[in-house]
Every structure is written in structure tokens, then in C-alpha cells.
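Following are the structures in question.
Shared between the two complexes below is chain A, which has chain B as its partner in the first and chain C in the second.
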Partner chain A sequence: MMIEFVNYALNGALLGLLYALVAMGFVVIYRASKVFNMAVGEMLVLGAFLVWWAVAASAMHPAVGIAAALAISVLVGLAIERLLFRRLIGESVFSMIMVTIGLLILMRGLVLLIWGPQERPFPAIISLTPIIIGDMIVPRPLAAGGLIAVVCAAGLHWFFNRSRTGLAMSAVAEDHQIALAMGISVRRSIAFAWALGGVLSVITSMVYLSGKSLTFLSSEIGFAALPVALLAGLESIAGLLLAGLIVGIVQGLTAAYIDPLIGGNAASVVPYLFMLVVLVVRPTGMFGWKRIERV
Partner chain B sequence: MDPSGIFFTRYETDSALVRTRAQWLALALFGAALLLYPWLASPRLVAVANLMFVTAIVVVGLQITTGYAGQINLGQAAFMGVGAYGACVIEVKFGLPFWVGVPAGGVFAALAGWAFGLTAARIKGFYLALTTIAAQFLFVFVVLNLPSSWLGGVNGFSLQAARLGPIVFDSDRALYYLFLASVAVMVFGAFGIVRSRHGRAFVAVRDDDVAAGMMGIDVAGTKARAFVLGAFYAGVGGALWAYQIRFVSVDQFTLFNSIWFIAMMIVGGLGSIVGALIGTVLIRAIQETITSLGPDIVQLVPALGSDIVFASMNVFLGLVITGFLLLEPKGLMHRWNIFKAAYRLWPFPH
Partner chain C sequence: MQRPNFMSGTVTLMAGLLLAPAAHAQTTLNVAALADFAGPYANVMNDMQGGRLAVIDWWNKEVGEKLKVRIAVKTYDTRYDVAQTASLWPGIKAELKPVLLLGLGGPDAAALQQRLPEDKVPMLMGTAAYGFGWKPNQWALNIRPTYPHEAAGFLEWFRASRLEGKRPVKVGIISSEATPAYADQAKGLQAYAKAHADRVTFVEAIWTEVQPADLTLQVRRLANAGTDVIVIQTNTAQAVATKRALQALGKNIPIMLSLHNGVLGSSKALGNPNGFVGDFEVGAIADASDDDTAGRRFYRMLQEKHGLKSAWNAMTMLGLGQSIVAVRAIEATVKAKGADKVTGEAIHAALLATQFSGAELMGLLPGVDFSTDAPFPTGSAKVNIASMKDGKVVRVAADVPVPTLPKW
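Now for the complex of A and B:
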């Protein structure tokens, strides 16, 4: 009994760290550009299709293929900045959110046009043999994902809070006009954000999809990871790890113990309910910036 | 702005919705055209018009919540679903007629909207927009997990045609007149709401909620009211939808539909009831064209495959949303108003 509980909690926690890695796509772009990117799931699918195309379809060496996928993904990110967000500097919250939703649908349509709706076996970039510790069985991609999430979070946390460039980007996230007035290039910051988002989406797609099948619907993990980003607060990268762990463990235990009772899929809504409760108490998440509003 | 030479000498004429004789004439002609439409158009086009009417009610509701009160709502389709299921329950479980079911559907949806409106009192901006997505997930979860004898679960819900005395609304033409009357009532109501004290409070809260609060507006209450009203419209639209399709299931009310509604509102113009109507008609018309032309294109170029219709619909929607936000964020209504002002002032620039 006890060992099962620990097993569910551990797997939930690792899944939560995967969510944190996906949610990093939201936070990194927000933290450097004040754009909330709803299209994270679609970027992940695009990254995944690029990896699939390079490694499985074109039979490149995995290292070369991944490098190619990363390069193309960064270029796509830069193109998105050039075509859409450069024109939106200083625009309203509504425009920003809606443009990324438009982008989400556009990317879904383009992925469907280019690759079609068929299922594709994603290459096992990370070996699938599970890690066995005593009685516990841990899937290797999830374990690797957890490690990558922690490393990425630490690196990005240092970058945005300690380095000079990162702090300049934080100013952009606070206010475009003030950042411009301080001599910070908002354009370059947004371009960097989207390039970084492209890199993260390729990395996340490999962790998430290794050995699974890939379709355009894989993007739904973007909405599954949304509560993690909101729970942490949109500005906090290190907070994502804690939020991811909480959401993952709650979800894992719900799936294991509550779902059989009600015969339904409570695990998919529990993160949202949890997020709603936390947001009503703390409207900017656990670690988000509290903005003081003036008239 | 009125054309030159038109002066109002009494307050009632100045504050009337339809203010000049020319406007009355145009409205009467438009109404007559709408009444004659089902006798002139093919049955398919009448069905399309019915769909437009249902959507128009939902989008007008979204316009009140988002366009006027500035509260982004990504869950309008879920509220529509609540209305549709509400009407089904009233009809199937309680055997009450549609004229109870449709308003009741609206009330159920309004209650759901109220719950989310309360969170809007505390949660703002990005966070609020994203929590409304939760409405979508909760709706699907609740419907699928309640005992299937309550809401039909995965099998959905079928219901009888609406009846009013001897009239049975089972043909598209009969439904057309029912929907036309509903749209007329709802749109007239929306014009009243946005011109009222509450409507002006919505606009004040949208423009700056801190400033609105200092002017003595109950900001939290206003936001909750905006959600309640928008959800009520969505619920009525959903209930009418249920009577048109006569079958309701959760996959008719997806996040994707909510995004379509927002796209219609953006194309028409934020903060304009007429804009919501124009956007709805335009986008629905283009959707129908793509759907009906799709098979022909696939036949001409079989290499494209039948998935092209769905894919190109996505590309189209994405381009419409991003294109309008970049090039004309105020929508078609704004363009029209600019044109009208220029035309009336000609040959003077101002």
C-alpha cells in the first residue's frame, strides 16, 4: 500500500516537473516580452514534428537532426516576432492574448497542412527502459525530463534575476514604454524570448514524446500545463518547479485514488480547480509580481 | 454623428435609438427583407441563416462581457453549452415547453457566469482570461461525469421540436421566424443595456477599473454583472441551438468555438452591438463557403486529401484573428464609421 502511494506520488511529481518544463515556455516568453503565449502547445508540436522529420523521416544522425530541429525552431520563433509581435509593442493585454490565440490556430492549421492528421511514431530519443529503484518503477524519459526541468529552471532563474541582459528583459516584461525610455531594445528582447521559446519547445517535445505517438493533438499538454504557470505566477521561473510538483502530485494521487471511485476523469480538472482556489486567494499566483496600479 | 440639417428639439427624439425618418425607412426595409428571406432563399441558406441567428445572440453576449466591460472570456462556448443542456433538462425531465426552456437555459448559464464573475472581482488581466478557460474544462468534466441518466453523458441528449400551440417548429423556415424574433428581442435588449447606467459602468470599468472605482462605481459588482449578462445571452443562444439541432453533446461546445466567437467579435469591432452582428454574419458566411467548396476543391486536386478543409479553416481563422488585430484592431464597424463621417462631411476634412 505504502509503496504504491509513494510510486503514484513520485510519478505524479515527475509528470508535474514535465508540466513545469512545458509551462516554462509560457513564463520565459512572458518574462522577456510581456506576451502571454497561448500557442505553447502548438510550438511544442511544431518542435516535435521537426525532430520527427529530421531524425525519423530524413534518417539524420540524432545529434545532427536535433541540432537542425533546434535551428529551424529558433528561426520560426524569430519569424513570429518579426511578423507579429514587433508591430504590437505597447498594445493592450487583449490584443496580445488574442494574437497568440490566432497564432495557436494558425500553427495548428499549418501543421495539419504540412504533415496531416496521421499518427506518427516519435523516435525514442531518450531510452525507454524504466529505472527501477527497489520496488519503484520510474519511466526514464520522465526522470530525464525532471532533471532537465530543474537544470533549465536554475539556469533561466539565474539568467533573468542575476545577469544584466536578463534584468533588462524583466524591465520589458514590466512595461514596454518604460523599458524603451530606459534605452532597452524591446524588439531584441521579444526576439530573444521567442527564440528561447523555440529551443524550449524542441527540448520539451523530446522529453514528452520519446517513444510515444505524435499527432497534432499532442499540443493539448499546453493546456494541461497552464494551471502550473498560473499557480506559480507568470513571472517566476523557479516557482514553476514547486507549482509543477504540487500540481503533479495532486493530479497523480487523484488519478490513482479518486478516479476509480467516481469512474471518471477527475485528474484532468483537479489542476484547474486547485488553480482557481489559489488565484482567488492570491490573484497573482504563488510567486507572481504584485503590480501597484495607479490611475 | 448626424448629417447636417438635422436638429432635435426634444429630449425623447434625441435619445431615441432610431432617430431620423431615413433610419426608420432603412430599418423597415431591412426588417421586410429579413421576413421575406426564407421564401426567397434555398432551404440550405435558411439553415445557415438560423445558425447565424443563434451565433449572433452568443456573440452579442460576448460583446457585452468583453467588448463593453473589457473582461476577456474564453469560455463563452461552455456557457452556451450550459444553456443548451439547461433547455434539454427543462424539456425532457420536466416536460415544460420551449418558451420556459429557452429563458431557463439562459438563467442556468447566467448562474454559471455569475460564479466566474465573482472570481473576476479579484483576478485581473491575463490571469482572468486564463481562468475562464477553466469553465470549458469544468463544463466537459461535469457533463461527462454526472450519472448519464441526468445529462446523457457521452451519448448526448436529444429533444423534441419546439411547439407553440398548434405550431411545430420542426422545419428550418418555422425555426427561422422563431430565431428572428429571439434575435430581435435580444439585440434590442443589448442596445438598452449598453445605453443604461450599467452599460456606462461597463465602459468605465473597461477603460480603467481603478479610476472607475474612485468615481463610485462598484467595480466587482459591475464585472460580475458583465459575466452574468454575457453568459445569459450565451445560454439563450445555446438553448435555441438545442432546438435547432435537437441533439446536444459536449463536443459541440469546445474551446475552439469560444475562439471563433471572439474572432467574430474582433472582425466586427469591439464595443459595438452592430459590429458583433456584422462579424457573426461575415465569418459564418465564409465558414459555410469553405465547408461547401471544400469537397469540390478536393475533387479537383485529390492529392490534397479531405483533411484540407479542416486545416484551411484553421489557417483562415488564425489569419483573420492576427490580421485584424495587427491591421484594424477596432474592426469593420470602426472603418464603416470613419467612412460615414467622411461622407457626411465631404468636401470638408473635419
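Now for the complex of A and C:
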């Protein structure tokens, strides 16, 4: 009984870390441009189709295929900045968010146009053999995903808080005009953020879809990860891990113990309730920046 | 001599041309087809749509010409979305003035169920029916009984053939609350188990996302409870996630799938042409096995003479089955009322009054007998059970009776 409880909590935590990995797509773009990217799920699907195309359809060696997918995703990220966001530097945040909604629709249409609506078997990039510890069973892709999420979060946390480029990107997120006045290239910062978003989407897709089926509807996980991003606060990379763990454990235990009792899917609602409660108390999320404005 | 001949010839030709349309006066009846080319069923829509159009082409040439009636179909993409169907319908009604609607599934029923009686246009759907639509005097009619009816037919067969009727079959279901139709499948199965506790023990309903990230622990719970069969009537993504979980656990619990997420489609999505060997697909419509059935012969004829390109699979079958009932209902109405008096209301009346035999429906369905009590066939419903071997669908059992279920 206790082992089962721990197993549900552990798998929930790993699922939460997967959500945190997806949510990094929101935070990376937001940290660099103050844009809430509504198309995170679609970017993940595009990354997944690139991996599928390279590894399964073109039969490249997985290492070569993944490298190719990563390279193309960087180019896609740069193209998004060049075609859509470069013109919006200095414009209102609202305009930029509307453009990301347009981007969501455009990317969904492009994926349908290029690869069609058929379901594709996503290659098992990560072994599907589960990790068995006594009576506990842990899906290997989720375990690998948890590890990748921690490594990515540590790397991105260092990058945004310690590196010159990362700090410049944070300044861009504060205010485009001030960043420009300080000699920071807003264009380059935003381009870098979108390229980084592209890379993250490829990595996340391999964790999420390894050995499963891929369609354009796989983008749904983008919205499933939303509570994690909002709970953490949209500026905190490290906070995503804690938020992911909280959401994942709560969701996992609800699915295991509450859903069978009520005969419904409380697990899909509880993370949102939890998020709402936290946002009522702390509107910027648990680790979001507190902005002091001079009146 | 030549001029009078030329004149009389011209006059005759002109008279002929003028009279020709009258002699061949043909009534065109408009049918609106709702489709999903950009939503969750976009991957299988082409096959279903091909089936629909081929049957209507066949009927126009073989039956309609003699009756001087032509059915014209116009297709609308509703993306399997309630809001999309609801917003498109007033325009469809005004533009096309359809006498019949070919619906796709649950969202169409949810969007139009309340409106159609007022609009006097019946809708026929190829999918199985839903408990929330199980009300008297409906205009949204399914050619198959509800998903729980189909699952119940299978479970009774499974109990009799695999458990020798010695104990109740233990069943779990994996579903989602993403759409009312998916949630309804679990509720109906629970109601059936409650009413027939001697035959079925309901283990648990696992509620998950439409595309689950992982189901290992949930499936282990079902396995630990001694589940005999896992029912999945939602989509292929859940079927694949369940299969992966079973593989991870080293368990071999048979999965019962529906037709839109059948063994072939799910195997393809799994990346293994034989991935779902030992599992089943169940539906109250002809199966897609290679057996030389009347339905298969009709399909081949449509391929040869009416340009049917869709593969021989469950989705094509849904399109064929749905449209064969549609054309037979129109035919019955034309014969009863005359071609110029065919209205949505008259077709609805014909659907309720006529018992369509399996032979009339070209062996695609066991027969259809609508009544005012339920929006799906009750008396004639039987399910076919198929599995797979060497990457092909094989028939396991045919014409398995569907038990009576209480409303839920």
C-alpha cells in the first residue's frame, strides 16, 4: 500500500517534470521577449515531426537524425523571429501575444499540409523497458525526461542568471526601448530565444512521444503544461521544477486515489485549482518577478 | 427538295431539344455531409468520405436514374467540433436546403440534436450511438447501437467463448472526459455491469488525456485487479499508450477496440503491423476481414465501377454503411411519396417506418429498424468481432447478438 503510494507520487513527479520541460518553452521566450508564446504545443509537434522525419521516415542514424532535427528547429526559430517578431520590436505585448496565436494556427496548418493528418509511430528514442525497483515500476522515458528537465533547468538557470547573453536577454524582457538604449541587440536576443525554444521543443518531443503515436493533436500537452508555467511564475526556470513536482504529484495521487472514488477525471482539474489558489495569493506565481513601479 | 428537308430536320431537332429536358426531368435532392479533415479524425476521414461518395454515385446511376432522382452531396468540414458544427449549420440549411444530413459523430449530435426536430432535417451517423442521445422521437439517428451496446455484445461473447460462462468477465475501460461521447462510453459500460452483475464485473474506469503521456501504473492497477478485458473505444493514441503499458508490465490482457480506432490503425500508430494481435475490434457493421461476404462484394463493385479509392477498412465501412442507409431511406421516400415530395420530414418518417433488411443494405449492416423509442437500431443490432493475423483483419465471430441495456 505504502509502496504503491510512493510509486504513484514518484511517477506523478516525473510527469510533472515533463510538464516543466514543456513549460520551459513558455519561460525561455518570455524571459527574452516578454511574449507569452501560445504556440508552445505546436512547436513541440513540429519538433516531433522533424525527429520522426529524420529518424523514422528518412532512416537516418538516430544521432544524426536528432542533430538534423535540432538544426532545422533552430532555423525555424530564427525564421519565426525574422518574419514575425522583428517587426514588432517596441510594439505592445498584446500585439505580440496575438501574433503567437496566429503562429499557433499557422504552424498547425503547415504541419497538416506537410505531413498530413495521419498518425505516425514515433521512434523509441528512449528505451521503453521500465525501471523496476522492488515493487515499484518507473517508465524509462519519464525517468529520462525527469533527468533531462533537471539538466536543462540547471543549464538555463545558469545561462539567464550568469552569462552575459542571458542577462542581456533578461534586460530585453524588461523593456525593449531601454535595452536598445543600453546597446543590447533586442533583435539578436529575441532570435536566440526562439532558436532555444526550437531546441527545447525537439528535446521535449523525444521524451513525451518516445515509442508512442504522433499526430498534430499531440500539441495538447502545451496547454497541460500551462499550470506549471503560471504556478512557477513566468520568469523562473528553476521554479518550474518545483511547480512541476507539485502539479505532477498532486495530479498523480488524484488520478490514483480520487478518480476511482468519484468516477470522474478530477486529476485534470486539480492542477488548475491549485494554480488558481496560488495565483490569488501571489499573482506573479511562486517565483515570478515582483515589479516595483515608480508612480 | 433539300430546303424543306433541312427545315423540317431543324424544327424536329429544336423540338427535340426543347422537349428533352421535360422527358428527362430529374429531381435533385441535396444531402449535406459533415466531415473532419482538420481535427482528431482527419487521419481516417478520406476513407470514410470515399465510401460515402461511391455509394451515392452508385445509387444515382443504378437506382436514381430509373426514379428520375439525383442525390447531390456537399461536404462541410466541422473539425469534429461542437461549436464548428453549430455555427455552420444555419448557413448549410439556408444555402443547400438539405433533405438529409450525413453526420460524423458525437459533436454533430451534441450540436444539432435539439435543432433538427425544429428544422425537420434528419441526420444519419455511421458511428455507434451515445447514451445522452437515447431519447424518444430523435432526428439524429445512428446506424449502430451505442458504444456500450457494442462492448456488451463483445463481453457476452467473450464470457461464453473464453471463460465458458463460468464467471463474470472482469472489465476495465480507458477513456477521457475530453468529449461527452468518450465519457458516455464508460458510463454506459458501468450501467450495463450494474444491471448484469452475474455476467460482468466492472473493475475501473481510467480517466486520462486524449494523448496520454504514460499509463503504466493505471494499467498495472487493472492487471492487479484481475481484469480480463480492457475496453478502449476512444482513439488510437490511448490504445497505443495502453499497449505500451502492457508491454512494460509484461502483461497480456486483451484490448477491445472500436472501429474508428481498430486493430489495423492502432498497429500502424504503434509502428508494428502486428502490434494488436490478440486484441479485438468490434462494431455492429460488416467487418473488414478478407472473407467473401456480400459487403465485400459490394465494395469491390464500387471499386471497379464507381471509382472507390478507399481501402477496405473499418472507416470505409462506416462511410459505406451510413450512406447505404441514407440512399435506401431516400429511395423508400421517393417510392412512397413521389420524387417531388421528398422532404426531410418525409425521409424521417420513412426511416422510422421502414425495416431495412441486410440484403437491401448490401450486407454492410445486419439490418436497420429505427423506432421512436431510440435513435438507433434495437431489434436488428448484432456485432461482428474481428482480430488480426499477419497484418490483416480476421473475423472471429459474426452476428453476435447485442444484449438489452438499461438507459444511463
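Rule of thumb we're sticking to: the second predicted complex is superposed on the first by the 292 of 295 C-alpha atoms of A that agree within 3 Å, B and C clash if a C-alpha of one lies under 4 Å from a C-alpha of the other, contacts with A are read in each partner's own complex, and residues count from 1 in each chain.
Just so it is clear, a contact is a pair of C-beta atoms (placed from the backbone, for glycine too) under 8 Å apart; a residue touches a chain by one contact, two chains touch by 3 or more.
The shown structure was predicted, so the numbers you read here are calculated from the model rather than taken from an experiment.
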For this session: Judging by the criteria at the top, classify the pair chain B and chain C on chain A as clash or fit.
Result: clash
For this session: Quick one: classify A:Gly102 as touching chain B (first), chain C (second), both or neither.
Result: first
For this session: Tell me which partner A:Asn11 touches in the superposition: chain B (first), chain C (second), both or neither.
Result: second
Exercise. When the two structures are overlaid on chain A, which partner does A:Pro117 contact: first (chain B), second (chain C), both, or neither?
Worked result: both
For this session: Using the touch definition from the top, say if A:Lys212 reaches chain B (first), chain C (second), both or neither.
Result: second
Exercise. Thinking of the overlay built on chain A, is A:Leu230 touched by chain B (first), by chain C (second), by both, or by neither?
Worked result: first
For this session: Return first, second, both or neither, reflecting whether A:Val93 touches chain B, chain C, both chains, or no partner chain.
Result: first
Exercise. Just chain B (first), just chain C (second), both, or neither: which does A:Ala256 touch?
Worked result: second
Exercise. Just chain B (first), just chain C (second), both, or neither: which does A:Ser268 touch?
Worked result: both
Exercise. Of the listed segments of chain B (152-160, 188-196, 278-286 or 332-340), which one clashes with chain C in the superposed model?
Worked result: 152-160
Seminar exercise, completed: In chain A, both chain B and chain C touch residues 112, 116-117, 263-265, 268
Exercise. In the complex of these two chains, what residues of chain B are touching chain A?
Worked result: 66, 70, 72, 74, 119, 122-127, 129-131, 133-134, 137-138, 141, 144-145, 208, 210-211, 214, 255-256, 259, 262-263, 266, 270, 305, 307-308, 310-322, 325-326, 329
For this session: Spell out the residues on chain A that touch chain C in their complex, using ranges where they run on.
Result: 7-8, 11, 15, 18, 56, 112, 116-123, 128-130, 137, 139, 141-142, 208, 211-213, 215-218, 220-221, 224, 255-256, 259-260, 263-265, 267-268
Problem set entry | Residues of chain A that touch chain B when the two form their complex | 36, 84, 87-88, 91, 93-95, 97-99, 101-110, 112-113, 116-117, 223, 226, 230, 234, 262-266, 268-269, 272-273, 275-276, 279-280, 283-285, 293-295
Exercise. Which positions of chain C touch chain A when the two form their complex?
Worked result: 37-38, 40, 42-43, 45, 176-177, 190, 204-211, 213-214, 216-218, 220-221, 236-237, 240-241, 244, 247-249, 265, 268-272
